[in-house]
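Right, one structure below, let's go through it.
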């Protein structure tokens, strides 16, 4: 009983734009991280952070609209994220094999 | 006969074609003969035509050949016109032309360009005939430029000599300057009267506004200046003496240079109806006459002397035209054609004898060696000096009379000119034939009278220059002045001459007296006290030197026109075209390359930077599209 | 139909010739071009007998979706140009018999391709088609210049290509713009020239101004008119002589022809507003180019500049937009085409016989080869427009036309009469007259092919000079109707 | 739809071929794939063209209307040519099956992008297309450049994906649906009553799509990735991937966001202008042909964007369709020549020196390709550009037209650098570049016929 | 009534608390020197987000989220880091300009986002309030009903990823 009340009121009590704001902030943090760091792995992590910000937003909207499709969409995002990470890390390890470094500043042979 | 008019230019054309293609192979005799015969033939036809015109009541006959240029309202048929004026010119051209052809056979005999020479000569005659026969201004223009071309070819006949080539080029270009004026005149006529055929134009001529008429008259006159070597376009004529002497005789004395006169007489209506135009013509004519006479006095090259005398005579003619004495001008053209041709041919025979020497300071006492030449030239000299009863006397005095009537100042200038003329002609005469020989030894041995082919024309011309006056015995001598009567139908007289016979006699008296004085002076100076012209410039008096250098007119032109144009063009090419205009075009390319070099630096290869720029882009876009 | 044939034949010929080698290619090309000439003469005959006859017109849909028709036709104007093209191309090919080109097949193939494009340009009655042919003409000539040109041809030909392309892109924009204003009433857009005329005239003055400049730019660069001419001298000098002949003899006419058929009738208001500026450019160009020509030391370059001067006068005549002017332009286009081919052939002959075109190093060739001197003189007189040469008829009409536009401009433009004489005679004297020197002493005889070409050219010069009737008969009525339509 | 299945099947088949190489599946793989693609093409055209019944599948997740079919036709045709010229790349590669599988999976993604009707399928399509490409780009394992290319593509790609998703999320939030039709309906129903963040979402998707089609300022990855990747893969990216991305773009912005074009058209105009200038200007000074082609692809993207900008489905869609076709054919030709030339003399312009002598046919093909890319009449490239001009002429963005004209004049410069090199520069190597080229002829013919 | 008064703030507090944690950890991910720490903080962030999911009664999703991200992906990260043994925080600092630029542009972006993500008041819920959406049943029906095709096709995606990863991972046979 209490659970339901609590859960009912969760979405009611906190306006949707709070969630939008929160995810915007998280998203931005992710973006900044991508720009800020040089370590490729951490950059990946930051991309993941961005994706999660999106997930959060989607879920918020989903429960706002009481529509499950958004949550399903989140599944796909997770799948894609996993795939990307798998591939990305594979490439990274290959690069590491070749360069003994995953510092992205080293990865700027291609330019101009 | 009129129907056959087409033949007149045709014969020379045929001669030209034959000589042009086969001249080399035919050998000198034949090609010379063909050329001369061609001219002779057209002379005969011309005589016939003349007779017919003289006899028939209708004085103007038009013969249409084919339509040449058509552009809507601008219709230019290729058609010929025969009237008193053209018939007279026909006679002069073909007649004298024939004589000179004959002469040239002898004169050019040793030249390897013999057949080429006759080719050109025939072509020239053809164009000259076209000029006078044309029934509209454009045909005249065709002949006009054609003779210009021929004079170019003939002046530069000895094309290995750069001097001569330059002279030829100069002649052509200067003529072209005049021609532009002429062309614009024609176009203006077209736009004013809607046609350029003489008949239509003259019938409407009075309708045009005075300014337009003046403009037309002046533009045409510019053309005349070029062709007839008037100030300021006269400097080519003395240089044109580079050509073979017969050429000087035919083209640069007898015929081509008088084309200007022909044109003005032809369009006399414009001048009679425009006071300003005719005044300008008169003044320029007078000025030219005087100036070149002065220059003539100090020249030492026999042909140059004659050249300047030609210029000054032409000046006199324009003076006549300016004062409205059109028929007189034609009269003088005729007589001048006789004696000046004669003088040139004589000079030619002298040069021939002196084996190419032209400096009168190196001649002298040739009368024994060249009796016929001596005699004939003597007559010619008298004629040009205007001594009674030689032809020059009548024509020149008629001009002076008209000038006197019109404006005393003009008359005065005219008289001065004739004085100077008499002086330098006899100066030349004495220096050449009298006193003792001053040439080299082998020249002395080599002296000989010219062959028959040269002397016979001399004699014929001598007769003409003596008797030429008969064409226009003035009323004062109870003559009919046939020529002015003959030309009457095509000439609009401003005001019939009101000059009393007394004044006329008085003028003649003055003129003769003046001439005699001049001759006497010349005799004293050069015959009695054997004075020689300064052998080098240093000995000349300043003015003399100045005159000797033709008042530095050439230098003046070079300084004001030729050289600036050259520099300007160089600057235009080297700087403006290659640097500025092209530089701009190339510059675009350079700038693009440079920019490209700059922009590609953005491609740092650094992921961080890429993302950074992407983010900036996103920020900008969101800001611009949503928050603005 | 016949017109279509005129376009197809060179195309087929080109493809055949591509696969031939050396001499055969040459012969075949000549043969085909002669056939083409015969065809065009037949077209002329048709035109004379019944001008509007079906045979001369071809109109079938080409690209449905664009409303583009393959509409070609021959009227007086185009017939004149077509005749010029088909007359010159054989001559040009003949003139090339002396030089051995590697990959001759390609060379002549490209030439014929070019001819196809040119005929197309002159006959097109469909805006889009016109543009296509217009650009198509550019490509073969570019490769001719690039593959067989002189030193640093890469840079120069490239400049030429980009410059002209740049211009024509603006023309494309203008054409598309016009296209979108067609069919105001009917609602059906069309590229047909008459519809474009209507569309153009329906525009506001301002719009017409834009269209005018956009298209004028294209034509001005092609001709070229000062100050868009800087590609031209280099290109002419670098290109192989046959290429130069094509460029100056025919291709240049595309610009002037474009002015007549595709610009002035389209935007009368634009012309009224801006024509005088264009006119001033053209006339400036005359004097400018003539002056520069005076100081040229390379004969070929001199001709190049003289060509700018001539085309400037032609443009001025066209812009004066009256009977004399335009008709003079038409006639002068033909004459200039013929003369300039002769002049450039002479340049080629000089180079082949003496190894140089520097006027200062030449001289006295007349002593060695008088016949050549005479032919040269005739061609030269033609280009200084001496009466009784073809140059005069056109030039007289042109100056008359310009005079009708404005007397002072005419007087200014007339200076070409004088300056032309100056630089032409200068070059003649420098090359032909004087004592022959070490370079020219061994000049020798002309090759038969060269002689033939020069004689043909000279004959044409004199014939059309004395009896321009054939040209006038074609040009006069056509121009008249054109002017009527715009009045 | 069937085509999609066929291709997926092929992919899996290729994958399995590795395992059952015993029974020689590997041998027949190549022909099978070719036939399969052909089959897919044929099936698409025959069974589904103009067929209202079979249009929409899986409750509007994916729709094979004529639009989709047309574009997938382009893609499949291009893919077919691509496989032909890429064949020896596969031959001399060790784990050929994987390559096949990946390429085919990417193809599946591309096909999805032509047919998606739902944000989900859009997103999945993009990812299915991209992920194999990340791998393929990096597939030259010992080549650092290749690795770098793959890595850059991956990072930037997933970064862009982040924005795409954020956009999708916002749009979903505003409309409550992922279905394009529903969104469209919502838009027209709302009459601007939509929350502000909806537009933010649209803009973010625009940005993401611009990244995928490589328009400035989101183009930075293009030159590097194109240069680093193996040439054939670059060819694949610059033709098939680009076509697919554009198809997606068109559908998204003409179908669902067409109603609110006034919100994004200025932005897009700016992006187009920037791309035109940057790409053409930068390309002018490139020394590496692949890089040059990369920049040229950016400028072509700008042209196609113009068609979308016009928002005139009647003209834009055929415009883009034709443009993609012409562009794909042209650059496939260019890349195949480049690939064969580069094998022995590198990717610089100098590699082409004297090709006119060493292999006239190839030089000719390259010339035609360059002319087509430069948009010289009568090549397909010209007509494509003309379509765009005609389309944009009807809008208020005529100034873009002028800019396009100016920049394409610049463009001619770098395309002709190749031509000049081929015919004008003296070759370093004199031996002929021998290679059989039935493909090339096909290319040239297609290029000329249009 | 009182329950409401009592209850509403609780969720609010929870929301604020979780948000705070998420943001803080997110920042730490960016700031902290060593990769390991970054990853760990990231995991914390994920937990916070999972908490939010719970609040938004997407319980199933929350669980999946924990499993997939924290459980799988992050572990993969850590594994790689260990393997390459990158756990030395000697990441040389990239030049100050780019750092500042990064932060500045990040700030700008945040501002614009915040500015542009307004307008929720215009928003209207698509469906009537229903707390059951997050339950497995609904998700299942949606996933295998409406979203069947994506679900199927995402298998291709995973296949592709797999093949790719293997291909890259394989040692080159020379």
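Assorted remarks:
For clarity, chains are labelled A, B, C, D and E in written order, and residue numbers in each chain start from 1.
As a convention for this text, contacts are C-beta pairs under 8 Å (C-beta built on N, C-alpha and C of every residue); 3 or more make two chains touch, one makes a residue touch a chain.
Quantities reported herein were computed from a predicted structural model and do not represent experimental measurements.
Shared contact partners of subunit C and subunit D comprise B.
With respect to subunit B, maximal separation of chain centres occurs for E (centres as means of Cα atoms). The interface with the greater count of contacting C-beta pairs, when A-B is set against B-D, is B-D. Averaging C-alpha coordinates per chain places the centre of subunit B 38 Å away from that of subunit C. Per-chain CA centroids place subunit D at a distance of 31 Å from subunit E.
Centre-to-centre, using mean CA coordinates, subunit A is 4 Å away from subunit E.
A straight line joining the Cα centres of subunit C and subunit E is 72 Å long. Contacts with at least two other chains are made by residues 94, 98, 101-102, 105-106, 109, 113, 116-118, 120, 123, 125-127, 146-147, 150, 154, 157, 160-161, 164-165, 168 of subunit E.
Counting partner chains per residue, subunit B shows two or more touched chains at residues 589, 600, 603, 605, 607-609, 611-612, 615-616, 618, 622, 626. Residue positions of subunit C in touch with at least two other chains are not found.
Interfaces, counted as pairs of touching chains, are A-B, A-D, A-E, B-C, B-D, B-E, C-D, D-E. For subunit D in complex with subunit B, the residues that touch the partner chain are 152, 155-156, 159-160, 163, 196, 199-200, 203-204, 206-207, 211, 217-218, 220-221, 223-224, 263-264, 266-267, 270-271, 278, 281-286, 410, 413. Of all the residues in subunit A, the ones that touch subunit E in their complex are 2, 4-11, 13-22, 24-33, 35-39, 41-42, 44-46, 48-49, 52, 55-56, 59-60, 62-69, 71-72, 74-76, 78-87, 89-94, 96, 102-103, 105.
Taken in their complex, subunit B has these residues touching subunit C: 66-74, 138, 141-142, 145-146, 149, 152, 156, 159-160, 162, 165-166, 169, 172-173, 176-177, 179-180, 183-184, 187-188, 190-191, 565-566, 568-570, 572-573, 577, 581-582, 585-586, 589. Subunit D meets subunit E in the complex at residues 8, 11-12, 15, 57-59, 61-62, 94-95, 98-99, 101-102, 105-106, 108, 112, 118, 120-121, 124, 127-128, 131-132, 134-135, 138-139, 141-142, 170, 173-177, 193-200. Here subunit C touches subunit B in the complex through residues 159, 163, 226-227, 229-231, 288, 291-292, 294-296, 323-324, 327-328, 364, 366-367, 381, 386-388, 393, 396-397, 399-400, 403-404, 407, 410-411, 414-415, 417-418, 421-422, 425-426, 429, 432-435, 467-469, 472, 476, 480, going by the rule given at the top.
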